[in-house]
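To keep things simple, chains are lettered A, B and C as they appear, and every chain counts its residues starting from 1.
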Amino acid sequence: MSHDNMTIHLRVWRQSGPNAKGNFEQYTLDTVNPHMSFLEMLDVLNERLTKEGQVPVEFDHDCREGICGSCGVVINGTAHGPQQRTASCQLHMRHYKDGDAITIEPWRAKAFPIVRDLVVDRTAFDRIQEAGGYVSVKTGSAPDAHAVPIGKEVADEAFDYAACIGCGACVAACPNASASLFTAAKISQLALLPQGQPERKRRVVAMVDQMKVEGFGDCSNHGECEAVCPKGISIAGIAKMRREYFKAILTGK
Amino acid sequence: MSQVSESKILKFYRSQTGRKFITGVTGIGLMGFLVVHLAGNLGFFIGGDAVNAYTAKLHSLGPLVLIVEIGLIAIVLFHAILGISIAQEKKRARPEGYALHVSGGAPSRMSPASKSMIWTGIVLLLFIVLHVWQFRFGPHYDTMLPGGVEPVRDMYKVVVDVFADPVWVAIYMGVMVLLGFHLRHGFWSAFQSIGAMSSRLSNTMYAAALVFAVLIALGFFVLPLYLHMVH
Amino acid sequence: MSKFDARIPAGPISEKWTRFKQNMKLVNPANKRKHTIIVVGTGLAGAAAAASLAELGYNVKAFCIQDSARRAHSIAAQGGINAAKNYAGDGDSIYRLFYDTVKGGDYRAREANVYRLAETSVDIIDQCVAQGVPFAREYGGLLDNRSFGGAQLSRTFYARGQTGQQLLLGAYGALNKTINAGQVQMYARHEILDVVVIDGKARGIICRNLVTGEYERHSGSAVLLCTGGYGNVFYLSTNAKNSNVTAAWKAYKKGALFGNPCFTQIHPTCIPVSGDYQSKLTLMSESLRNDGRVWVPKKKEDCQKHPNQISEEDRDYFLERRYPSFGNLVPRDVASRNAKYVCDEGRGVGETGLAVYLDFADSIKRLGKHTIEERYGNLFEMYERITGENPYEVPMRIYPAVHYTMGGLWVDYSLMTTVPGLFALGEANFSDHGANRLGASALMQGLADGYFVAPYTVTDYIASNPLETINESHPAFDEAEKESSERIQKLLNIKGKKTVLEYHRELGKIMWDQVGMSRNKVGLEQAIKDIQALREDFWKNVYVPGEANTMNKSLEFANRVADFLELGELMARDALYREESCGGHFREEYQTEDGEALRNDEDYAYVSMWEYKGDHVEPDLHKESLVFENVKLTQRSYK
């Protein structure tokens, strides 16, 4: 383990507002500790900018444990950076070496307009979920939890899809800016579980339609989304979503 | 019982998922045709009579050939129009691109093949027009099959004549390389698009796509060269 | 006796909640939609309450500071959720869960509330399963349970190491359903700056749009604060970076009493601090202590050696040595304190000397690497991602970190603060965990409050009180907005020399050193002085970059730190007044001969309730006496 501080050359996207023109700014940090997380490195940059009377770089972050899905930037061309199954907040600087140059960009998609610097508006994801990503069950009206047994394999597979943190890396990495993996994850989770059956057809049609309304692109099966997903959600879910959709269109009301 | 209404078909056609389904199904159809076409091409390695007998046999099927031909044109058109539309959608969905875009690595299926589908596709579309014009609507020479009563079209001569020119040989061979690229992503992608994929199948199908792409492309690739060399 | 009444329904404890529901007043369905209810925060408590109230027919406005309701910090809870289902058939019951929770809280929680929590716990699991929450299951298809600290039963339901996430996404789904139906209006990236009180009742909020910087006014018939805990007063904690006390603190300043502010939970198994740049701490599930052995070197000079080179006889397995019967599985507060002791003795390990080893070598030898991987694989991976060390080969290094705050806004049985119409749910209130929270109980409380308590008690409040429509141009809104905007402007205008981060770190250090794992009179008195001085300096010398009318996270943080600088003092004051040791509150002066916490039930079996009296005036202390009719008070022993 190295304790030596590294020098890192940053190229960061700066954009003062949604309609402003953005550009890259260069910064050099010479006190980057290998044990720092990527976001802590940005903290160091912001602290310096503040001390110099400049405006710090805005980026979304919250739990810094890789579960809330707030953070996410494109690091040297890859959403969440080089380490797989790792959100930006859990990437550590030990993956870089002294003198490295790092380009940091926001998620780019029409459906994710830039708010400021590296912060984007991901409310399109919320609207896709609002379209049907739930089981309609009124509070207090549920039957006993053991009324319907669910096989372990089914529950585990549903969990794999439910693990989505809604960070948007799938959209960011997709050459087409498609939201298919995000949408498929919720659809697949609920289609697998008995609780999701009554609304199964309505749900898939509403959510798939909403993706298009929001301006996400088509999926061309590049599979880049799975590679950058911090939870490693499988694109088999996208195939499942498509099956669900065909079934719903063919047999739904 | 539910009815598939017209509006539902339209909705399906307009939806992102529906469009991918149609490109997938048409793609599978076209791949099926490629296999048949390649099998037919084997005649060229046997000789002129085998080729001409095969074309004559096909023509004897009469209106059925026309139906298949119209069907193939429709499939190609659907496949191409939707493919182009999906590519345009992609530009709309990301108006401002990245300074850098680097793959996250396996299990990503992103490759030069997947990223060039629209370009290989457009070249293949133009190629199909050229190919049909050169051969289906090309010069008509009569020949007699051994033991035949009526003259049949000498398809063999048409093809051999074209590939006498090294430029055509090069063009055909070049396009076949692009076909290989198109199939390398297209084979796997088609099944993913129609939902016929699971996490267990995925790796197998992706590997199968490579084998399929290489075999088909190679099969078509060697013929112009062979004909050029032997004549 | 306090002049504030907890309004606990009469009758035996097992019937109180039923009686409340039977006797509560109702609101006619047609009238419900005339009432707007403001829900601040969309974690488990907030999302559950907003969705449930909207389903009942109220007009709900929900607010969160994150860019989406799904990101509230409930999402980070790992371990599980307790419920008295007795699916394991091991003799669990509502009474046992109630008993364990009161005992685990070291007898500083209110019996009636805890009993209701245990009662509603069973409904929570039903609700969540119906929503499609993929809990862990057995091969037979039934729900799997595991055991957790402080309980001798298997009553914890879980979804791998992401139970909080799955439960929150369930509640988020319920919220989305009501948003889609037009019953809830969602305001993401909005931060509450003040509570508007009119005629003694909470009637609205002032909030700031965090994208545009605009101030907004929202009026309603009731305001529910579901804004979580205030662990970030310590700067470093396991809380999310944006977690803050501002909403609760404004409520306190508007007349809501603050309950037990000094009760803080320090979690023993966190990844240690690695340097000054550290921004937050990461918890490792306490389940690790089932198979990991905690130790430090016996000799100081061994501390910088590679752990695998320290021989068995030179290792001090201090928890096993001091607590032979519970060993590594002593409760959180005991484990944390003992780690601090050995580090204070100079036997801590790692670069900073503030860490102890959690060693799996024996378990790997005994059970095989495969079993350990199956049990803790994802935790080991997370540890390696953060530290760059492989815990299969090198012992983990762990150290305690601030994790949860049991204190919060004082609420009555209805979860209503001392300001009528102002409710506090989940971690934001003080009510259920006493001086120490048991593992897997936070999720239970958040959902119980949100799904099953607030919908009834808010209805009862609305039905019992005349609430004429309030116009948002009411002078009280003018005044609250003016105060809020002036404060924001003031922060920007100071243009001093020190950054917000520097102040926050300094505050954190004072809090951790003096108001942390172990506290004493001298230190607490010093802390009060230091915090006052730091606060004064902050308002003279802080530098906040940027502007008020754009997205400006530096400004958001400055505003939150300003409130932490006031809260910290109240916590120290509360800790100073509580001259006993109980749960997470350990006063060095009050310990047994063996160094264990010494409770004083005679004088301190009460909830401290602090009343704000002005910025430069000491707050008043009120007391809610805790009466224990259903559990017998005993001294905890884990020897």
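Some notes on this structure:
Methods note: a residue touches a chain if its C-beta (ideal position, glycine included) is under 8 Å from a C-beta of that chain, and two chains touch if they have at least 3 such contacts.
In this text, all values refer to a predicted model and were calculated from it rather than measured experimentally.
When chain centres are set by their Cα atoms, the one at the greatest distance from chain A is B.
Geometrically, the chain at the heart of the complex, using CA-atom means, is A.
With centres taken as mean Cα positions, chain C sits 27 Å from chain A. Here the spacing of chain B and chain C, counted between their Cα centres, is 62 Å.
Averaged C-alpha coordinates put the centre of chain A at 36 Å from the centre of chain B.
Counting partner chains per residue, chain A has no residue touching two or more of them. Chain contact summary for the complex, chain A toward chain B: residues 11, 24, 74, 76-79, 84, 103, 105, 108-111, 173, 175-178, 180, 208-209, 211-212, 215-224, 226-228, 234-236, 238-246, 249-253. Those residues of chain C that touch chain A in the shared complex are 48, 51-52, 55, 66-71, 73, 75-76, 85, 87, 123, 125-143, 159-160, 162, 165-166, 169, 172-174, 176-177, 179-180, 186, 188, 211, 240-242, 274-275, 277-280, 282-283, 351, 382, 385-388, 451-452, 455, 499, 501, 543, 545-546, 550-554. The residues of chain A lying in touch with chain C in their complex are 1, 3, 16-17, 33-37, 39-40, 43-44, 46-47, 49-51, 53-56, 58, 60-70, 83, 86, 90, 92, 94, 115-116, 119, 121-123, 125-126, 129-146, 149-152, 155-156, 158-159, 162-163, 165-166, 189-190, 193, 195-196. Within the complex, the chain B residues that touch chain A are 2, 4, 8, 11-12, 15-21, 86, 89-90, 92-110, 114-115, 117, 185, 188-189, 192-199, 202.
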